[in-house]
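Shared between the two complexes below is subunit A, which pairs with subunit B and subunit C, respectively.
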Partner chain A sequence: MDLAVVVLLQVLAAVASLALISVGLAVIFGMMRVINLAHGEFIMLGGYAVIYATRWGINLWVAMLIVAPLFVGLVGVIVERSVIRFLYGRMIDTMLATWGLSLLLIGAATMIFGNTTTGVSAPLGGVSIGQYQTSIYELVLIVIVAVILIGMMAILRLTKLGLIARATMQNPAMAASLGISTSKVYSVTFGAGAALSGMAGALIAPLSGVLPTMGVAYVAKAFITVISGGAAIITGTLSASGLLGTLNTLATFVATPVIGEVALLFAAIVLLRVLPQGITGKFFRRAL
Partner chain B sequence: MSPRGRTVASVIGFVVSVAAIFVLPHWLELFTLINATIYVSMAIMTLSLALIWGYGGILCFGQAAFFGLGGYTYAVCAINFGDSTWAVVLAMVVPALFAALLGYFVFWGRIGDVYLGVITLTMTLIFFKLFNATAGDAYKIGSAALGGFNGIPSTPPLNLPWDVGTALAPEDIWYIAAGLLVLFYFGSRWLLSTSFGRVVISIRENERRTELLGYDIRRYKLGIFTIGGAMAGMAGILFANCVFVSPTMFSLFYNAQVIIWVTVGGIGTLLGPIFGSIALQMIVAELGTIDGLDPNLILGAILILFVLLVPKGVLPSLRVLWERFRKPPAVVEASPPTGRPAAGAQKATPSQQPAADAGGRS
Partner chain C sequence: MLEVTGLRSGYGRIPILMGIDLTVRQGELIGVFGHNGMGKTTLMRTLAGHIRPTAGSIRLAGQDVTHAPPHLRARAGLGFVPQGREIFGGLTVRDNLRMGAIHSREPDRIIAAVLEEFPRLKPIIDRAGGVLSGGEQQILAMARCLCAEPKIVLLDEPTEGIQPSIVEEIGDTLLELRKTRGLTVVLVEQSLEFIRKLSDRVLVIQKGTFIREVAADGIAALADEFVGMEEAAH
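Moving on, here comes the complex of A and B:
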């Protein structure tokens, strides 16, 4: 029984972390059809933002939930204005340019921070379920991810900003002729996606540590989750990370972590072969 | 350029490149020569991507999978057989078969550009993870321990076919590598001039139209993809001979590098990527020696600048310039002729110089 609860919690934690690292990328891909390969480095920057903010005496939670997203969001807007906006509609070129950006940021971070892992300790301690130990922070993380997704849903569905964003997503030309500055929308969207990535990096920093090359470990997984999810931002991310995260944890549980990772990747390949438009290309087509 | 001009340029290029292959070992020290061999092996891998991406229109983000598979197959077989002859053959056959299998999976599923990129990238990641996890005695193929993260440090060198006693020296491997690059370059050009190659190009131009003309596009894509896989496998063998086999061959870094080289050199050309790869490897190696400057920073900056300013790549932009200069015949600016394969590492750097001009004007 205890074991079942622990495994269930691990599955939830895996799904949550997959959703967390993918959601920033999903916003940018879903809204703008831009595949941002510098996503991993936005995560890395979020991690460093937390480490430096806490060193300057800012509360850890403030640093994770406010400072890191703001900082990385700002970086995102700068990137969008200086590089991405020249490349809209050229998917491959944006991929290459953001890949270049990714290498550039890794290089810059290595020069500034050095090629070593730094970390902050995870807050909140642990809790025991029967004879098993698990950290409270991981449980809180599940809740935070749920709040983020619900918040995004609310913003997209209920606010005027969300309406404008959805309109631009569906038909940019029509939105523009109705007086919406689409370039401003894109800029804000890219910033918001970057901010989400930054927050993701900040939230996983206590678990994984921060390293200039840490993004590489996440970008491929996030990329795969988003593409498997398809065009709908929230439903897609959630369904893909639900499927892949569960498979990953179960395979890890049965075999080894490596087999778990391989199972995740292999499942994604099969999924894309069966549903080339991703999960939401076939199911939940009208969802957000 | 007129067809006759092209032929003349090809002959000149062939002579120059063969001369360079034989002159370089006398000029360079052994260490530099081994480095040059690595550059050439990477150039072969770049050529394979230039072929399948630039001409076949197949955006493969996982060329390193074939590269690594070639290297590993070679190392494992050479250790087990004690003779590298069949190892070389198998190290081209295995990546080719794998490419065929993967190609069957994706092309018959009609999976397009970005999704294809994701699948191939994922494939490479799987290999990377799997081979990293092969540490310990449990993971042996015959007498070859896979060695996990460390790879197979004792990768045996090539020997003369069916003559185990004569292991080849680094100079010999240079001749083989450079010779193969020239061979593969002219081979690719020949392939693209056959009717098979023309259909492949027409698929890149317009998939649907080609299909409506009655060609089974899946087969043609599979064909060019398999050939690219075999070529990348060969690059893996040569790389394994200069360095050794390790899971880094499957890493994102190698994947990224080839794509960058093809982009910078020019998609849709063969010479551009070859020169692009050699020149960029030299530039990055040179700049990497400067203290405190990270090579990733340079590579990244180069890629961003090229995508923004010279999206077509160096060689196509130079061609545009060349055509522009040719209109008033008085101006015979020294724009390098096309048709100059593998003219050796030194020659590549100057041809990169006019890139900035090309970017401004086109």
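Moving on, here comes the complex of A and C:
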């Protein structure tokens, strides 16, 4: 019984962490069809934002949930205004530009922070479930990710901003003809996506530590999740991370973590062979 | 209301419009008639700001909008009902209308008023735009455009691919709107019958330029002359 609860919590934690590292990329890709190869570095910047903010005496939660997303969101807006906006509709050029940006950010971070892992200790301590021990922070993380996704859904469904975002995503030219400045929408969207990535980096910093090259470890998984999820931003992220995260954890549980990773990648390949448009290209097509 | 002089534009290096002059007065309904590939839709897209003009000028309500992007033209009072209707398929009818009224201070009042003018939309208000029939989408596109309270409406082939009973309904609604709102319209059409029923003047476009202007009472004669062409186009 205890074991079942622990495995279930691990599955939920894996799903939440996949969703967390992917959702910023999903917003940028889903809304703007821009492949942001600097996604991993936005995560890394979020991690460093939290480390420096806490060193300056800012409360850890404020640093993770406010400072990091604001800082990385700002970086995102600057990147969009100075680079990305000249490249809309040119997917290969955008990939090259964001790849260059990724290398630049890794180089700059290595120069400034040094090529070592910096950590911030996880808050809240642990809790025992029967004879097993698990960290409360990981459980809180599951709740935070759920709140982020529900919040995004609420913004998209219920607010004027969300309506503008959905309409622009579906038909930018027509939105422009109704008086919407699509370039402003894209700028805000890119900033929001970057802010979410920054928050992801901040929230995983206590678990994994922060390193200039840490983004590389996340960008591949984030891409696999977003592409497997398909066009719908939230439903896609949730369904893909649900499927892949569960498989990963269960395979890890019965075999080893390496087999878990292999299972995740294998599942993604099969999924894209069967559903080339991703999960939401076939199911939940009207979902967000 | 709308003054266009010497307008030229095209796709890339391929010129389509070869110097268009057009003046539309307040409350007027101008028909633009021509066959496929003569530049009708290019003209509409250039007026709406989706294609950059290479020469000439466009003035909208006294304001020069020649180089303004589409969203600023829309805010200056230009309404665009494009060919193919371009409904937001994933949004409900209501949300499509809310997008039309997005810059309005009282969107609910405007949407309610527009629904009175397009009662056909009332029972389908919560349905997704993508599942509507072509005719319903056309009506929605017109209603959405009116939610922005435009000074002038560009209407590109509203009858294309739509069943005759709804074409008639669209025509009647337009006539009614001209009476009640004093709507100013530029209507592009391939259907002479439809254009004859609605227009004050008709401009005939051929190879990117207006070759002729016909007043309301001369449209019938135009019909006789172009009837062969119209059949040839089908």
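What we mean here is this: the second predicted complex is superposed on the first by the 288 of 288 C-alpha atoms of A that agree within 3 Å, B and C clash if a C-alpha of one lies under 4 Å from a C-alpha of the other, contacts with A are read in each partner's own complex, and residues count from 1 in each chain.
Rule of thumb we're sticking to: a contact is a pair of C-beta atoms (placed from the backbone, for glycine too) under 8 Å apart; a residue touches a chain by one contact, two chains touch by 3 or more.
No experiment lies behind these values; they were computed from the predicted model shown.
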item: Touched partner set for A:L60, first subunit B, second subunit C, both or neither; value: neither
item: Which superposed partner A:T182 touches (first subunit B, second subunit C, both, neither); value: second
item: Contacts of A:L207 with subunit B and subunit C, given as first, second, both or neither; value: neither
item: Partner chain in contact with A:L163 - subunit B first, subunit C second, else both or neither; value: second
item: Contact breadth on subunit A, by residue count: subunit C or subunit B; value: B
item: Touching partner for A:V77 - first (subunit B), second (subunit C), both, neither; value: neither
item: First (subunit B), second (subunit C), both or neither touched by A:I224; value: first
item: Which superposed partner A:G100 touches (first subunit B, second subunit C, both, neither); value: first
item: Subunit B and subunit C footprints on subunit A, overlapping residues; value: none
item: Residues of subunit A touching subunit C in the complex; value: 160, 163-164, 166-167, 170-171, 173-182, 286
item: Subunit A partner contacts - residues on subunit B that touch it in the complex; value: 59, 105-106, 109-115, 117-119, 121-123, 125-126, 129-130, 132-133, 252, 256, 259-260, 263, 292-304, 307-308, 311
item: Touch list for subunit C against partner subunit A, complex; value: 48-50, 69-71, 74-75, 80, 82, 86, 88-91, 95, 98-100, 102-103, 128, 144, 148
item: Subunit A residues touching subunit B - in the complex, by the definition given at the top; value: 35, 83, 86-87, 90-93, 95-97, 99-108, 110-111, 216, 220, 223-224, 227, 256, 258, 261-262, 265-266, 268-269, 272-273, 276
